[in-house]
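Same chain, two partners: chain A is paired with chain B first, then with chain C.
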Partner chain A sequence: MTNKQYQEYATKRSETSPCIINCIKAFITGGLICMIGEAFKQLYLYLNIDSDTSLLFASLSIILLTAISTGLGFFDKIARFGKGGALVPISGFANAITSEAIESKSEGLITGVATKMFTIAGPVIIYGITASIIYGLFYYIFIM
Partner chain B sequence: MNNNHLYFNNVFLNNTSSVVGKKEFEGPLSSAFDLYSNDEYFGKSSFEEAESEMVRQNLNVLFKKAQKLPTDIDYVFGGDLVNQCVATSFAIENYQIPFIGLYGACSTAIESIICASVFINGGFAKNCVGVTSSHFCTAERQYRFPLEYGSVRTPTSQNTVTASGAFLISNTPSIIRIKSAMIGKIVDKEITDANNMGAAMACAATNTIKRFFEDGNMKTEDFDVICTGDLGYEGHSIAREMLNLEGLDIKTEFTDCGMLIYDKNKQDIVAGGSGCGCVASVLAGHFYKLLSNNKIKNLLIVGTGALLNTNSALSGRSIPSIAHAIHLSTEA
Partner chain C sequence: MNYLISFLIGGLLCIPAQILLDKTKLTNARILTLYVVVGVILGGIGVYKPIADFASTGATIPLTGFGYTLSKGVKEAVESEGFIGIIKGGLIATSTGISFTLFVALLTSLFCKSHTK
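Entry: the complex of A and B
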């Protein structure tokens, strides 16, 4: 058996993740997280905060909730159930930063916590900023 | 041909000890282990210190069981998965025993027993200790993601075992004899998926098993059990198919340490256990007990290792794999 044949054989026989069930779980979890976000937004609007600021506060509230649940050790369980549904919203980003920060305590505050916080989240920030600059340029040139 | 099957005279496995974590203790082999800890920190402040503490406790148990002092031991052979094997180095620094650090990923336990046997057979030592360990939390941190990160496991990924196994290998006669060994060659089938290490290591295991039986001195039916060391469910069934393809029919119980240590139906472990501590604790606990109680007479144990590191996996390189085998017997 050549290496190529073996690779094909190994890939073919390895069980893949159950796509449809995972999508349903992700839909429910992601939907619930967004619903909590919406509830926060309505709360802030009710408290007479303007619409833009309430949106911002709603995101911040989700970040806070995720950070706390990561620290208390149950966010990973939610994510194991909800998979992409828990990781794609802003909760995933908050979880990536908090979990790294908790674990790298032993390497110190600068070389540990501050550096490693961005191991998973760093690429999101870099490519997020790059994408928004490109979007901004297009917006400036073609729409404004 | 460099297919050297190493045959030993008068090398004995005098004693073993094992320490495991909570999840491993909840598994089907719980009664075979000497010590366990519910606390994943083992009373220390970081996971890396915890792993060293686990090895220290394990060595203390071994010395107590074997009624030996550290000064009675000529050499320690050992290793772990933490970068540059620091867990073992920190663990044994206070014993002041001459130390040889080894790395063979999950095959390190068998590698350490082979090295110790060679020293004893050659007359360079009377008593040697082989000790290896792995800790779920240090391995996750190093190879994958932080523990609290909601990472998702693929169905072929294995769970690193929190365990340490130690072996006292000596020229003093005891029931269990280390009869022979086969040192593995690197086998690389260019598998690049670090979440499917079973598939990468399966061919290394088949290669070593085939070479072990090549000189015709032993047949598969001479063994009560042939056990691979942590290929997990996926890799083990590949190994079985590959051996059939190669024309070696295993006519005895053929199993795997990664499958034995956990209960697949009750514990959330996906494809089985892995890590330096897996084959070490299963051999030091479960199989040592079976051999000393004469439930089995001949055991072929094949430790397999996936020799990747985090950078090689990220740069898309393949996973070089290795497997070492030893034959343990209660017959003269």
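Entry: the complex of A and C
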């Protein structure tokens, strides 16, 4: 094994293990966020709200918690630990929008905050809607 | 039991994103977009509904759930209103989440300062 080969081997090995650890962290973080959501859902069910609305409220509660913790700078710490785990739940979406909004405050409320909010929300909403319209067309033509 | 299922499914859904983050150069925005589109597709072909029924918050809180809601909204709107439902359904179903996120984000930005510097 030449030096170069060894170096390639070494970097490869050192890349794999962080990925696995990161995956475990992401699993735990994402799981916990969903579990908090579940706790909210159970709370709303307990308050006699029907199950569909409880699910919706659970998502909204996570959004609210994320926005507040982003504002307080606390969510960054969760995101640094959980990475993908903090990104995938609705918290990632809420955090992306909120942090862009806060950081672009100096550029003004209209051209700064309101515009920058959509740097991440925009693609998500646009491609989500596009996909849903394509699906709707298929559904309308082939199934209805 | 509900908590455990929610934890497991929610956690599992995060792993592909982590692998993409580590192994590719995809940015957060791309991964989120990918998740939503995948959610629409999985919802459309009927794979996601059983998962959502089984895991509840574990499947609806991850962004694939957002995509699933889009597809579900379109499907229901097409069934009840026909052609116009194709355009209407998606945003109607997801309107609460989108409006609330934007509103809360704006409010937060008014009250909080940037922490990055």
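Note that the second predicted complex is superposed on the first by the 118 of 144 C-alpha atoms of A that agree within 3 Å, B and C clash if a C-alpha of one lies under 4 Å from a C-alpha of the other, contacts with A are read in each partner's own complex, and residues count from 1 in each chain.
In this section, contacts are C-beta pairs under 8 Å (C-beta built on N, C-alpha and C of every residue); 3 or more make two chains touch, one makes a residue touch a chain.
Every value quoted in this text rests on a predicted model; they were computed, and no experiment measured them.
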Partner chain in contact with A:G92 - chain B first, chain C second, else both or neither: both
Of chain C and chain B, partner touching more chain A residues: C
Contacts of A:R80 with chain B and chain C, given as first, second, both or neither: first
First (chain B), second (chain C), both or neither touched by A:L137: second
Which of chain B and chain C A:I120 touches, first, second, both or neither: both
A:Y6 touches, of chain B and chain C: first, second, both or neither? first
Shared chain A contacts, counted only where both chain B and chain C touch the same residue: 15, 70-71, 73, 76, 83, 87, 92, 96, 98, 102-103, 105, 120
Residues of chain A touching chain B in the complex: 1, 3-4, 6-7, 10-11, 13-17, 70-71, 73, 75-76, 78-80, 83, 86-87, 92, 95-96, 98-100, 102-106, 120
In the complex with chain A, residue positions of chain B that touch it: 45-48, 141, 145-156, 188-191, 193, 196, 199, 203, 234, 238, 245
Touching residues on chain C, where the partner in the complex is chain A: 2-3, 6-15, 17-23, 28-33, 35-37, 39-41, 43-44, 56-58, 60-67, 70-71, 73-75, 77-79, 82-83, 85-87, 89-91, 94, 96-98, 100-102, 104-109, 111-116
Chain C-facing residues of chain A, complex: 15, 18-19, 22-23, 25-35, 37-42, 55-56, 58-60, 62-64, 67-68, 70-73, 76, 82-85, 87-94, 96-98, 101-103, 105, 113-114, 117, 119-121, 123-125, 127-129, 131-133, 135-140, 144
